[in-house]
Each structure stands twice: as structure tokens, then as C-alpha cells.
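What follows is a set of structures for review.
What follows is subunit A paired twice: with subunit B in the first complex and subunit C in the second.
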Partner chain A sequence: MSGEKEFVQHLQHLKIGSIEDLLQQIGEPGARIICGGTDLLVKMRSGAISPERLLDISEIDALRAIEEKDGRIEIGAAVTESEILASELVTVCLPLLRTALVHLGSLQIRNRGTLGGNLVNASPAADSAVPLLLYNAELILQRAGSERSIPVEEFFRGPGQTALASGEFLRTVSIPIPREGFDPFFHKVGRRRALAIAIASLGALLWVEGGVVAEARLAAGSVAPTAIRLSRTENLLTGEKITPELIAQARELAAQEVSPITDIRASAGYRREVIGDLVERFLNEVVG
Partner chain B sequence: MNEAETKHSNTKSQDLSLNSGMIGAAVPRPDAIDKVRGEARFVDDLVFSGMLHAAVIWSEFPHAKIRNIDLTAIMDDPRVVCTLTSEEVPGDNIVHVIYDDQPALAAGIVRYIGEPIALVAAEDRASARAAATRALIDYEEIPAVFDPEEALRPDAPLVAVPAAVEKGPNLFNSMRIRKGDIEQGFAAADVVVEGEYRFGYQEHAYLETQGAIAVPEEHGAMAIYGTMQCPFYVRSAVAQVLGLPLSKVRVVQTATGGAFGGKEDVPSLVSALAALLAWKTRRPVKLVYDREEDILTTSKRHPAVIRYRSGAKRDGRLTAIEVDFIYNAGAYQTLSSAVLWRALMSAAGPYRIPHVKVDGRMAATNTVPNGAFRGFGSPQMNFAHESQMDLLSDRLQIDRLEIRLRNALQIGDETATCQRLEESVGLTETLEQAGQTVDWENRLRKIEAFNADSHSRRRGLGISTVTYGVGLGGKAPFLDKAGAYMKLEADGSITIAVGTVEMGQGLTTALTQIAAEALSLSPERIHLAPVDSSRVPDSGPTVASRGTLMSGLAIIAAAEKLQERVSSAARDLDIPKEEIPSRLPEIARVFFMRNIDPAVEGWASGEPVDWDPESGLGNVYFVYSYATHIAQVEVDLVTGEVNVEEFVAVHDSGKIVNRRLAAGQVEGGIAQGLGYALMEEIPRQGGRLLTTGLTTYRIPTICDIPLRSEVSFVEAICSKGPFGAKGLGEVPLMAAHVAVSRAVVHALGRPITTYPFSPERVKKAVTMQKNSE
Partner chain C sequence: MQIRIIVNGRPVEREIEADMRLLDLLRDGLHLTGTKEGCGEGECGACTVLLDGQAVNSCLILAAQVDGKEILTVEGISKGNTLHPIQQAFVEEGAVQCGFCTPGFIVSTYALLKSNPAPSDQEITSALTGNLCRCTGYVKIVDAVHHAAKLMHQKEGRSRRAL
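So, the complex of A and B:
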């Protein structure tokens, strides 16, 4: 209603052919990376941002591969969600990533949207964030003359905020293949089954040795400024035998650990309660 | 469907038509292929030479005096052609719907956020929209009221113009029903149950947003092309705003991408705005709303609060109901008084009740005016009356299907308005057939077993049964008419024009079938021309599930006249009766050579209806449609999410003209009902609506539609309908949303009384249930 800006009027759209080309252009004022455009174009249409030059990285081969390397799966930033879902490697080694992405947007969105775009957009509701947090993924960031690798947990800084420095881009997501454990758990709460931004989501991985929890990983989306690991609840569970009392404690703690807001989709109270109850559901499933 | 298959099904319909039997056949719709291929031309696809684009400057405050309108900065751009404010309106600054309270452009005061204040025309849309943002409006905010109950308190700020409030401050209208003696009714009851039910908005979310093109024609006339349900409403509105006689305004309905009631009154405003700019510039002007404008500034289903008390005997028979309700009309009357009336007529549900007291009020608030939406005030009532039946069932320990059967209206019964039902009451059959289809008792046992076994998921079965008076009814009988124009062309083809519109519901197909049946011709010989107000007399609105019925009757009347002429020509030519259809080209040629008049007109006028406002009683509709829906849901007790697993829908809409299209209407109603019950919500902060697009206003997608759904029809023939047909369009939504929400309540064993049943509301009910156990 504010009056649709004619946002394409003075806009340049450049297809970038290689990482070298990208590094040359990325620092230019008014330049912005576009991959699938499913987040960026929405923001441009609403007038929230108005770049002058779009650097389209969607056809850079070096960003388009899914590979296995030294016990890790490496996914290029420009790989689409549909491609991830079709990948045998991901299905076998990273089933939770698959489960989470199956419910992202709709088929059309997944055909365009990319893993890199989803992460850099840094929505607290980004569907790839929870599985990547659980898998202890590392993000490989590159800029002219240097490259660094940071844990995904440190990448998110707040809603729409990341650790990317200016002139830096996300090249690869590198994920250690986890050892066998309990069936992974994932639940995304939405008001409908497709095209639903998560109201809250919970994912979990768990390993039990000798009757006690050897390691627990829990992560939640849409219940804090970024997707987060529930580390206090993880600590509570580690080294313990899962009993009804422990489940009740974990439920309480998880609900305390998150810091949701009330927005147009749901209230903070509901989100808190749902996270606790989903932790309970997961642990009940583990006990059987 | 690929081309080969399409052809195949076309041939099939031809075969059907040869041995007549058009009525009921699954004739494929002629517009489907165009739409699927993207070839149908919607209003925004049309271009006229020299056409300008319009943008609207909308009110940013819910209630404010306009101290000054400064549009100078708008003209900075050479692509901007002109601006326009209320002072320049050549005719009356009024968009007439039922009352004359709504201005085309706000004059001195705005009453809701999104009210049009001024217009811009530019050479292209982007320039027009960009220019509109440069308007400087100086507002002086004045006290406002948004909640309908607060609006009716004596100290509330006054919203409406005096001419529009019939019954008191901020009270647009009140209406009532008084049947029997309510005290006696409750005294005779063994149990009394009470409920309070609350509803928010529902947005139409049609695929195609509102839009119109106004094209100046010769001799000072104006043509309007637009997406709409009611070309004759648009014609009156444009004529009044421009100060033109009706004969100088021509309205053409373009391919319409859904309407659901949302294009009943709003296109009058949209077209009037486009017409004002076209009048001023003498150039064609296109005005198309974007989604945000459409959601924020156009009508929706009325938010409502309903208080309901029902009394029944131990055996479940209803003795009395007392209903009190308030609907939120928004800032202008538009269709609200008609919506209020239908809500009143729907309050009792499809039940036999000796003592009835209903009071309905329509409150004015500083919010967007609400209007028509599939069901027209009924859906809120449907949830209320069905919730009450379930409460009674629970209290009396009588099965939910059984208690409905015991109270279901039958031929010979009296409705809540003391109307005796003479024919065509298939209600009991819908209940029985729906029950049989799901295997009701066994199904309930299975669900019980599932629930006993399941820790955090629970299933439920919901049933709802509804009735809907077909046509416009006793409040505005003068609107219930329709014309049809029919012409035998020289090659034996038939051209038909009607005044009710195709908006996706399949009217063109149904009417073609009716014409084919009436003329004993194959449907390929018949062409329905696009609706153009200059071709037929005022045929009333395409609403109230009346399109097939009224235009169908008009077509039959026309066909009878044409048949007569054709038969007499055939006699002259010694053509035997059975050969007329195949030799029609020969006959048509004779019409042409001998100057026989080949054109006829058909006319249909609604059956007599009446209503007494004092008692609220009368023979209010000439016939009723009925439906029973049963839904099975699974509720996730941890998250409050609801999955609709299965649906059974049984309808009595009289004779079904086209089974495939009718089933499509029902399936669409199930989807739309499911959205209303579970997901669709517009939070409001003061006078501001917080959902501005389809990202946050969630309608169901294909993934939410139940995997198993069975649609069937019992056909209680209506002697007054075309080939026995009644109306269908609105009924599916009315029944569907209630079956879903009641299924959730059944699953939880605890009532929820506020719409929609969002995960959060459902979860809250689960928690309360746990705490009470």
C-alpha cells in the first residue's frame, strides 16, 4: 500500500562466472549477492533494501557441488534445496537435513532457494539452521585473499545478522558425518503444511551408551533471535539415564532456555510451552 | 490433460447431448483450457490504446478530519497526467450499495484506514504508484472505535453518518425474530445449554485482485471492463458518480479469477474510481489493486460475537432457542444490512423449533467495511447452532447424528420464521447418507480405540448440518429477476446472453447445459456471450447461489419462445419434430430468407416471498438447500496442529446440472472452510489490520486438503427450479468449516468457541483440559 517501488528500474543483474569474478565485484558499493532470490526479491519489493547491482552467483560451478571429503559432506552455497533433497549422500548421511528441508516453502521455492541464501538471510525460522546446528556444521567464508571457517552457531548474530564481514561471502557448508545414533527427531510447527514459516521448531540427535546418554544435541528455531542449541538442556541429559523425572526436568529447562517473542504468528508463551513439550515428546520416543 | 485427451472428452459430451440427458452430465467447462494455458484474459491483461494507470491515495488513519490535501509534489513527474479529489466528482460523491453513506472519495473526513482520498493517473503504473506516495494529507485524528461491542456503548465515538444508522448511535441495523413464546419454550425444556461464539475476519483471497478499466466512448458514454459479480451494481454506481443516465454506461465483465462475494459490492467502488479519472482525462484508465491494497482496503467476512441458548426435551427435541448477536460492519453500510438479515434467517439452523427469539445487531466501527462472503453471514451462525446441538447431545447423552435426525426439518414442518416447507427437503437424506458413508457408529468406536492407545495425538469426528435459503429472499424481492437473450444465427448456431456471471464457479457450463437441454441441441452449437450490461435487462447480482437458478429459468423461458418459432418454420418445411435439432441450419436459413425474427428474450422473476420486520416471520425464501458434512481430524496435543484426514459431504441442491462442477464447488468449499476453521486470521491493532499479504494470511494449500474425501448428492427435486435444480455455491463452505472445528472439539473433549482453531488455541484447550483432569 506504501506504493510499489519500481525496484527494477536502475538495477543491474550480472551473472557471475567464477569465484575470482565474484571477489572482484563483491566489495563494490551498491552490489549485493543474489542466488535464488527468494528472500532478496521479497525484501527489494517491499523497499526494505534497494541494491543497485545484483551479483548472481547461482551458476558458479564451484558453489554448486555436494561432495564427500574426509568424513565430511561439503555443500556449495548455491546448491538448491531441491538438489539437496535429491542427493543420495544427504539422504544417507544427513537424514535430518533432508527432513527439515522437505517442509521448506513449496516445491517452486525449493527449486530456486539455496542453502547459502537460507543461512545468510539468517531468519530465526530458517529451516536449514536447526539441522546444521545439530550436525555441528562449519561454514567456510571467503574474501579476497583469505578464507576462514566458523561453526554455524557463531555465524548467526541476530535476526538478519551474520558474522559475514564486508566483501566476504559464504562458499561452502561443511558437515561432519555423524556416527549412528537414535532416530533423529524434527518437528516444525506451522499453521499449514506447506509454505509455512515455522512458528517453532525442534530438532534432536541423541546417543546412548551403557544405558546413559552419551551425547545429546537439541536445537530450536523461531524461539530466539537466532536458531539456537539448547545447551543447558543438553548438559542436563548428558551422562544420565532417561527417567520420567529427567524428562520432566528437561521439558522445564528447555522451555526456560528459549527466549521467544510474541508476533503475528504466535505468542511467546505458546512457543515456550511447545518447545518444552516437544523435548518431552522426543525423549519419550527415545525411551520407547 | 493433453490435447488428445481434451478432444476425447469433448467428443464424449457431444455423444451425451445427442441422446439429450444434458442435465447431470459431467460436461467439461469450456473456459478450463484457456485458464490452464494462461490464455484467459483477465482485466489486467487488457490494454486500450492511450490507456492511463491509476493509483489511489488511501487514508492512513482510522478516524480523522482531513484539514488539507496537498498534491503538488505528485505532479513533479512528467509521466503523471492528473490528480483528482472529491471536489471534482461530477455526479454524486456516493457509491450506492444499499444506503448512500459511502463516498467514492473521502470528503473532509476518513472513517477507516484504507479509505480512498484522492486519485492519480499516470502513463504507467509504477509512476502512478510512486506519485501517490508523494501526497501530503494533513489529518486531525479524532476518537475512534474498533470493537463492535464497544461501539454500541452509549459513550462510544460516533462512526457513521446519521443517514446510515437506522437504529441508534453506531447501530447500522437491528433485526429480530419472534416465534411462539420463548418463556414457555424454555419452561418446557428439560435441559438448557448456553454458548458464546467469537469470530474474526475471513479474507476472500481470490486469485485475481480487484481491478477495472474505464473507457470513454462516443456521445459521452462510459464503458467499464472489470472483474466482478454484479455488472448492474457497477453500472448504477458509475452512472451516479459521473452523473450519467444508466443508458450511457456499459459494463463488461472480464474473465474473473474468483470472487466469493468479495466482488459483489467492491467493484462498484473500484470502477467508480477508474471512471472518475477516465472522465477527467477522456482516456482509458486502468486501476488494479495489488494484494496488499486488496487485503487492507476491501471487504471481508464480518467478525462476530454470538450468544446462544437452546432448550430441549429429554428425548433431544428442541423446545426453544434464544440468540443474540453482533456483527462488525466496519465504517460503511455496504451490504451489511443484507448480511444481517441472512444471519438472522440462519440462526436456527435446519431444525424444527417451536419457540424462537433472535436479535441481531450490525455495529459501525472505524474499520474496513465488511461485506459479502460465501455464506453471507451464515457461516458464523452455522458454527453456533451446531455447537449448541453438540452441547445438547453431550448433556442428554444422545448421539450427535441421532439428535440432529430427531430435529431435522421435513416436508410439512415450519421453519423458525413460520414458513411451511412444501417440497424439496432432502435434509434427513443428507444426514443418513453421510452417516452411512463414514459408517458413523463403527467409526466412533474406532476413534475411541485409537485415542485410548495414543499418548499425544487424538482423533475426532465432527458433524455439521446446515440449510441455506436460495436466492435473495424476502428482504429484497425486487432484486430477484434475470433476463436472457437468445438468438438463432443464420447458420443454426445459438447465441445467448445473460446478466449473471461466470466467476470460476462454472455458470457458463451449467447454463449451456440447461440451454442445450431446453433446445434439444448439442452444447457445441450454443455460445454464451461475455456478460455485457447492454445486452440484457438488469438481472440482479450473481450472489446468493442464484446464478444457475435464475438465469437458467430465463434461458428456459427464452428457449420455449424460440422453439415455438422454430417448430412453426419446421412445419412449413415438412421437417418432422425429431429431425429439428439435426436440420436446424436449414431452418435457420429459412428464418434468414423470410425475415423471421430470430431473437427472443426470456425473463425470470423470483417466486413470491415475504417477510414481516416486526415479528421477523414470513415465507422468506421460496426453497432451501441442505447439506451434511462429516470430517475426521487428528490433533497433535503437543503442538495443537490439526490434520484433516477425511471428509464426507452430502448435499441436497435439487437436481444437479453438472456433477463434475458441483463436486468441484463442494471440494472448493471444503478447502475454504478448512482455512476458516483452522488457519485464516487477521489480527487487528486498533484500526490497523496486521496481515498485509499471503505470507501472513494463510489459506490452505493442496497439502492441507484431506486425502480422502467423498462428495455425493441427494436430489430433492424443486419444482420451481430449472429442471429441478436449487442453489449450491455457498452451502459447501457453511457446512465444511463447522465439521472441521466440531471434529477438533470432539477430539479434545473440550469446547473451543473462538475462531480460528489455531495451533495456539487448540494447545491452550489441551492444557486446560489437562489441568481440569
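So, the complex of A and C:
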């Protein structure tokens, strides 16, 4: 199509067979990991990035499993969004992850796009970020000779920016299965249901015990440089009985706590309103 | 680099550049021009093909990534000049106006009906959210998918009786 830059000449595509092979190649200059390619190809064609060697990890078996281990669900970075949606384990143990991914992109995108790719792309609007923040997911990052585990909150550093060091890759998303008895909530506001980049999204998990909030987790997407937990609003709710006054305060605080920008999709003021509104809607649902 | 794939049931071996998209291999390399390029960034679905049975955007996949895999395009759905029941249904329901988006819709519908032979309205719109139509309108397209499901069901019944 006209106006688009040509791909870099002499691009190499290497199908990587194992994590060991990946670790050998990942430090090479100009190397870049590709899996589904749904974000990467768009960026390559727009000229935003121009890798020289694509390391294709889509067929590394060790990155393609969903497993239950010691009370946690572990999802390999190369598992596709469609595979997550089809997983019984995810449906039963992590319903909000499922809810958030159902409307990610389109069927065609979900058949190729992966959980690892959605995270590494680090869009403030990444659909998987809000549920993973709520579930206190840990990301296992590996490099030659070492690995580390960091909370998903610390992984996002800004739009398109992550905590990944050079020569390091995201191997596994490890999610503790939450204890039972919570009220779940996820709502994404976009222009349309499919293929919409969120204007704002809110997810929540709330445990009410003996009439008061025992634990509150709230996370929001598209309203700050990264998807974020609304920790001040969580603190406000914890230990309290949910009353109309508290709901009004929570609405106000959540709207203050976010730091949205005005862009082509919506204004900053509108996004604050939407987050406040979604918090109110959620808490009203909880009290029924 | 050399790739070997199966396209519409036929083995294909090609020397390709690593930056070639699957869409370009199909259209320019194999002259299968039924698959269209609309947006080129995975928003419109005009380039939809099946990759190992799953609907994907061929504009967002490098040809190098599909080495060893099986591709089905709209050309592989019809039998020569005989229309597939899905194509017949789109014609009969008036679900083809300019026709540019149609191959993508046919391929997505094929994937849907293979796994769900009698989908509801909601299941149809959900399966087709990745395909945009700007002139025919979705009402006739959804009607056509229902009609196709019936035609395929009848056809299956006939071939069972013939046995």
C-alpha cells in the first residue's frame, strides 16, 4: 500500500525450537522475538520498528502450556488468546481473564495473538493487563543463566515500555488462584464491541465478609501510562460497609486517582468520569 | 528461504523473502487473488484465510511463519466453478454487494459452520466481528449464514440418504 515504508532488507526469520536456542540468539544485535505477529507486523510496516532477525517462538513447546501448579495457574508466553478462552482451567479459576479476552480484537486476532505478546507490547489499553493486575500475577522473566519473577504491576514502565532487560524474555505468566467468595467485575468502554481499543476499562474483585469489605482489588486500563491498580480507592473501601456515601466517595477518589490523557478516542475528563461511573456501577452491583 | 506449505489441498514449495506476508504469497506468488487486502493491519478481515483450520488475518502473518502448515483460501472452498453452499447462500440472500469483503466473510463463515453447524444470531455476529462490510450491511450477511447452515444441513442429509 502506498505511503508505507518497505520492510528492512535482508530480514531474517528463524524458527526457534527450544528455550536454549532462544537464549543463544536473543542477545544478537537487531534480534526481536515474534510470535503471533499481530502487533509486531503492524509496527514493522509502519516503520516504527525495523528488526533484522525475527526469532519465532511460536513453536517452543515449553512456552505453549497452561498448567495448574501449587495453587497457581501458569500460562506460557506463547499461548494464544483463543487457547486461553478454550481452557477449562482458566474458565473455572480465572473467570475475569476470560471475560477480558473475549472481546480482545477479533477472532482472527485472538487465534494468533498471545498473552505474552499482549503484555510485552505494553499498551496502556492491553486487554490482559487489568485482569492480571487484579489476580496479582507474577511474570517469570528469563535470560541466559538466570531467571526472576516480578509482579505484573512492576513489569509495565510506560506506554510500550517494560521491565525486560536486554537479552531477557517473558517465559511464563504465573497467577495465584484467588480464594473463593468474591464479586467479580470487568467492563471495557470502547466505540464498539469488536476490534475496539478501550477508552477506559475497569476490573474488580471484592471480598465482603460479615457485611464489610475484607479485601478490594480494583484495576483500570487506558487511563494512565500503564494499566494500574487503584490502590487509594482500594484502601478507602477496605474494612468498610458499602453505603451510598462510601460509593460516592469511591467514585470521586477513583476519578482523581487515574491520570488519563486526551487522545483520538476520548478526552481525559471523559475518561475520569467513565472510571468513576464504573466504580459506582460495580459497587451498586455488589450491594444489589 | 525455502518454505513448504499446503494451499487448498495442494503442496506448494517456494523460495521467499523473510519479509513477505502470507497475503502477498497468496495473491502475488500463487495468483490466488480471492483473498483481498483491505486495511493491511488486521482491522477489516478482507484477507481472512484458514491456517490449520483457524481463521486468521493473512496480512498479519509472514509467509515464513506458516512453513509446514496448511492454508485454505476462498478458492479452496468452492469446487471448480461449483459454488459451495455458503457462497450459494450469500448470492441467494443478496449478501454480496460490491463483493470486496465477501471472500473474508465466506472463509470466516466456513470456519464457524464447521465447528457450529447451527449457530444463533449472536454466535454468528460474534464469529464475524473481525470482518467489516461497508456496503451490503450485516443483516443480509447474517441471513446468508443461517441460509448456508440450512443448505449444508440438507446437503448432508442427502448424502447420508445416498449411502
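Here is the rule we go by: the second predicted complex is superposed on the first by the 283 of 288 C-alpha atoms of A that agree within 3 Å, B and C clash if a C-alpha of one lies under 4 Å from a C-alpha of the other, contacts with A are read in each partner's own complex, and residues count from 1 in each chain.
Keep this in mind: contacts are C-beta pairs under 8 Å (C-beta built on N, C-alpha and C of every residue); 3 or more make two chains touch, one makes a residue touch a chain.
Here the structure is a predicted model, which is why all the values come from computation and not from measurement.
In the superposition on chain A, A:I34 contacts subunit C only, with no contact to subunit B.
When both complexes are overlaid on chain A, the residue A:W207 reaches neither subunit B nor subunit C. Of the two partner chains, subunit B is the only one touched by A:A266; subunit C is not. Of the two partner chains placed around the shared chain by superposition, subunit C is the only one that A:H13 touches, whereas subunit B remains out of contact.
Residue contacts after overlaying the shared chain place A:D277 against subunit B, while subunit C stays out of touching range.
Applying the stated contact rule after C-alpha superposition, one finds that A:I109 touches subunit C and leaves subunit B untouched.
Residues 1, 4, 6, 106, 193-195 of subunit A touch subunit B in one complex and subunit C in the other.
Per the touch definition, subunit A reaches subunit B in the complex via residues 1-6, 9, 106, 187, 189-197, 199, 264-267, 270, 273-274, 277-278, 280-281, 284. For subunit A in complex with subunit C, the touching residues are 1, 4, 6-8, 11-13, 15, 34, 36-38, 41-42, 45, 54, 56, 58, 82, 105-109, 111-112, 193-195. On subunit C, the positions that touch subunit A within their shared complex are 1, 17-19, 21, 37, 40-43, 45, 48, 51, 54-57, 59-62, 64-65, 67, 108, 126-127, 129-131.
Considering their complex, residues 55, 58, 114, 125-127, 129-130, 132-133, 290, 292-293, 296-297, 455-456, 638-641, 678-679, 683, 690-692, 695-696, 698, 700-704, 758-760, 763-764, 767 of subunit B touch subunit A.
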